[in-house]
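Right after this note come the structures.
Two complexes follow with subunit A in common, the first pairing it with subunit B and the second with subunit C.
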Partner chain A sequence: MDETDITFFKDGFRLDGRRAEELRPVKMEVGVLARADGSCYIEMGGNKVIAAVYGPREVHPRHLQEVTRAIVRYRYNMASFSVEERKRPGPDRRSYELSKVSREALEPVILTSYFPRSVIDVFVEVLQADAGTRTAGINAAAVALADAGIPMKSMISACAAGKVDDTLVLDPMKEEDNFGQADLPIAMTPNGEITLIQMDGGLTPDELHQAVEMAMKGCRDIYEIQRKCLVEKYSQLEAPAEEVHACE
Partner chain B sequence: MEGSFVLPGDVVGSSEEFVPGDCTYARGGTIFASTTGLIRIDPKTRAASVMPKANAPVKLCHGDIVVGEVIDMKESLVILSLAFKKGFENRPLSDEEATIHISNVRNSYVKDLRHLFSIRDIVKAKIVDERQMRLATGDEDLGVIKAYCNRCMTSLRRKDGKLVCPSCGNTETRKLSSSYGLGVV
Partner chain C sequence: MDRKVVVPGDLLSEEAKRSGEGTFVKDGKVYSLLYGLANYRDRINVIPLAGKYVPAQGDNVIGIVKDITFSNWIVDINSPYDGLLHISEFPKRIESDEMSKYLRIGSSLMTKVKDVDPTMKVELTLNDRKLGLIKTGRVIEISHTRVPRLIGKGGSMISMLKKEVNCSIFVGQNGRIWINGGAEDMDLAIRTILLIEKEAHTNGLTDRIVDFLKKEKGARS
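Up next, the complex of A and B:
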């Protein structure tokens, strides 16, 4: 299939009926795994991702441990059945890269100095992929970290912006990602501190500016969903408390 | 304010008004929550803290009962590698070491520590100093809860207040806990 074969917009709407600045439907569930210290399942459009957090716990192999802080390990893995054509199981170049950038997106907010000589393990399994799995993984991992009670400076939410048919779009789906002109995933704190920014394809400086603004708006919307999801779970455990909603 | 539900990064209060307590951190004159939970204000100390609602990592305090393995012994000191805190068995402690001084082993005089502990023993003890991680085993329910024969490494069985190896017949002594060999902490 060629890019020219696809019409990305019809009457101002995208292939799945969304507007350019609209997110795909997001569904989130906390504490789905009994054996993990914290876990989260997320559906972002066609993406289905599960994240599990273990720790802080002993570091093995021992030589990896740091005497002043905990180390964070993040494993991003795609199930062999997560894509149309069977993916060869196991780590590959892409998943190593995504593990690294996702870890670096979460690490700045984790208060690792509280747990010297230990490790916080984050496992992200992609069950079904539909473009934007790294952002879905980061969103799920941040909620799973909060579920595990890991001390953090703030939450992290992630979202991508893209460019198709010379138009900027929020949260590109598979067709837009594969045949579009650009993809720009970002992760940030609710205060607007960006911890991940990558770009694939080409954008003009003006477009980059707009795309970042668009993705940041998407992140804020996702943060509200993450917040709602955690409040729903933990307010059930005790009489509902008045919710404070403020970030610097 | 008090009792409000907060997430990491939410504002708990101002540094002018409160002192940052547990599960909070201060930045630029503002106190933020570092974990998911409910705000608690101590009216005496004016400490604003967050009571974790999530499955938070275990924090060790004075009086907590912990279980660990003897990893080294000195003339007047037993060194333990802690495994978990009582009541939080599914949240293991990470690389935490603690010591039992000869004076905290039991309420009576102890002549030789080697008669009461041995390397690889599993010990149940109470924290008496959480800063220096010093433990005590004076109470009846505290002490060795599992021990192995020093000759053949078989697990020892309790018989008339002593430990007997069912394999080689070796007899050993320990500061035994009342729950020795029961498998319950």
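Up next, the complex of A and C:
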């Protein structure tokens, strides 16, 4: 984390015109894939991520099967064209780690005991990356799981906070992530139970508390967007009276 | 009817005793487990809008034989779990080496879940008059979450449909439906069922379906 000559703030606004505690614009769409049991497409600022959920279904290979509960598999993958320099396709050290922590962020709310001997597969594909892809992936995956009809104790929302120019910021974008001093992604339930927390860089204990508060506030805002997205899918079909006549 | 779209974790009620299907209780309050429609009656049930069929004892299902072992037919029942139909559950006594004479791989059958154990071993049976191999008619598949709506309260929707379209219909709880009748009647029945599936979450559906059938039949004659 070297000092660079980028100025992160201009008249109190960030490089993209946001205030320090402001999220990037979020766009979410549920049920975008016909073949998957549940799916969600999300845009968080420059991030474009698609999540697909399959299952519960039979476990292959068989030896992974658990007799008393369903297992959850989570695959985080970045498309080779998702970053500026072409990324070598396929799993690497980073994506293994992100798959693991993301799975562990979602697993606590899934009622795996309802589906013994089965698997719930979650696939997250990053189409375009702009810092914060793991949080975008978790947000999309939670919505896709709900869309697949999988029983969960609550939703999960994720968001990051960071530190640039000795100032805490919500939802860092690429420049702030690359040249900033810290990045702190968290995932939590709407009641504030944290299921994922990671940190890159350094924060003082005081800053850490503030940053967690900030990221939690961001998560709550994202939760409202997730909820709205799911509710709207069915309310727009509430009165399809004209469709009955269209069948003639 | 008091209904509302809910997502997992939504608070439904402060009274723990009203917890019904698709809900859970935490600290004396009822929350939703599913993304679906909450139904407020004495108990609050959340009806899912998607999800896989999980077999339960006593369910009528339509299965397709996918393998034959020494004494079992392995039956795909549109679920994460396969059904096992033991040779002794066939209405007639048959020998192990003759199994494929009666039910071959690919055969469709109307069957019933006899028992499900905690490890999800699903035992099926054919020992009932209305059960057996499907020889004629058509089988269609809808989401199993829409089946209760297709049957209706106390079977109102399905008995109306059977009468109106003049077909025999067997509804599997796993979302597979067998229809048998005249070619045109079957077409109409299928179109009606698909319409019910699409609009299962809306109110006043039975009346709309009656209208739809009236119109369709008017157009035909």
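Criterion: the second predicted complex is superposed on the first by the 233 of 248 C-alpha atoms of A that agree within 3 Å, B and C clash if a C-alpha of one lies under 4 Å from a C-alpha of the other, contacts with A are read in each partner's own complex, and residues count from 1 in each chain.
Note that contacts are C-beta pairs under 8 Å (C-beta built on N, C-alpha and C of every residue); 3 or more make two chains touch, one makes a residue touch a chain.
Values in this document were obtained by computation on a predicted structure and should not be read as measured data.
In the superposition on chain A, A:P172 makes contact with neither subunit B nor subunit C.
Once the two complexes are overlaid on the shared chain, A:V109 sits against subunit B and subunit C alike. Of the two partner chains placed by the overlay, subunit B and subunit C both lie in contact with A:L230. When the shared chain is aligned, subunit B and subunit C each come close enough to touch A:G38.
In the superposed pair of complexes, A:M152 makes contact with subunit B and with subunit C alike. Looking at the shared chain after the overlay, A:Q65 reaches subunit B, while subunit C stays out of its contact range. In the superposition on chain A, the residues of subunit A contacted by subunit B and by subunit C overlap at 37-38, 55-58, 109, 111, 115, 117-118, 146-155, 189-191, 227, 230-231, 234-235, 237-238, 240-241, 243-244, 247-248. Partner subunit A is touched in their complex by these residues of subunit C: 5, 7-9, 22, 24, 26, 31, 33-37, 48-52, 54, 80-82, 118-120, 145, 191, 195, 198-199, 201-202, 208, 211-212, 215-216, 219. Taken together, the subunit B residues at the contact with subunit A in this complex read 1, 3-11, 23, 25, 27, 30, 32, 34-39, 52-57, 91-92, 94-95. Of all residues in subunit A, only 37-38, 55-59, 65, 70, 109, 111, 115, 117-119, 146-155, 189-191, 227, 230-231, 234-235, 237-238, 240-248 touch subunit B in the complex they form.
Contacts from subunit A toward subunit C in the complex involve residues 37-38, 55-58, 67, 109, 111, 114-118, 146-155, 189-191, 226-227, 230-231, 234-235, 237-241, 243-244, 247-248.
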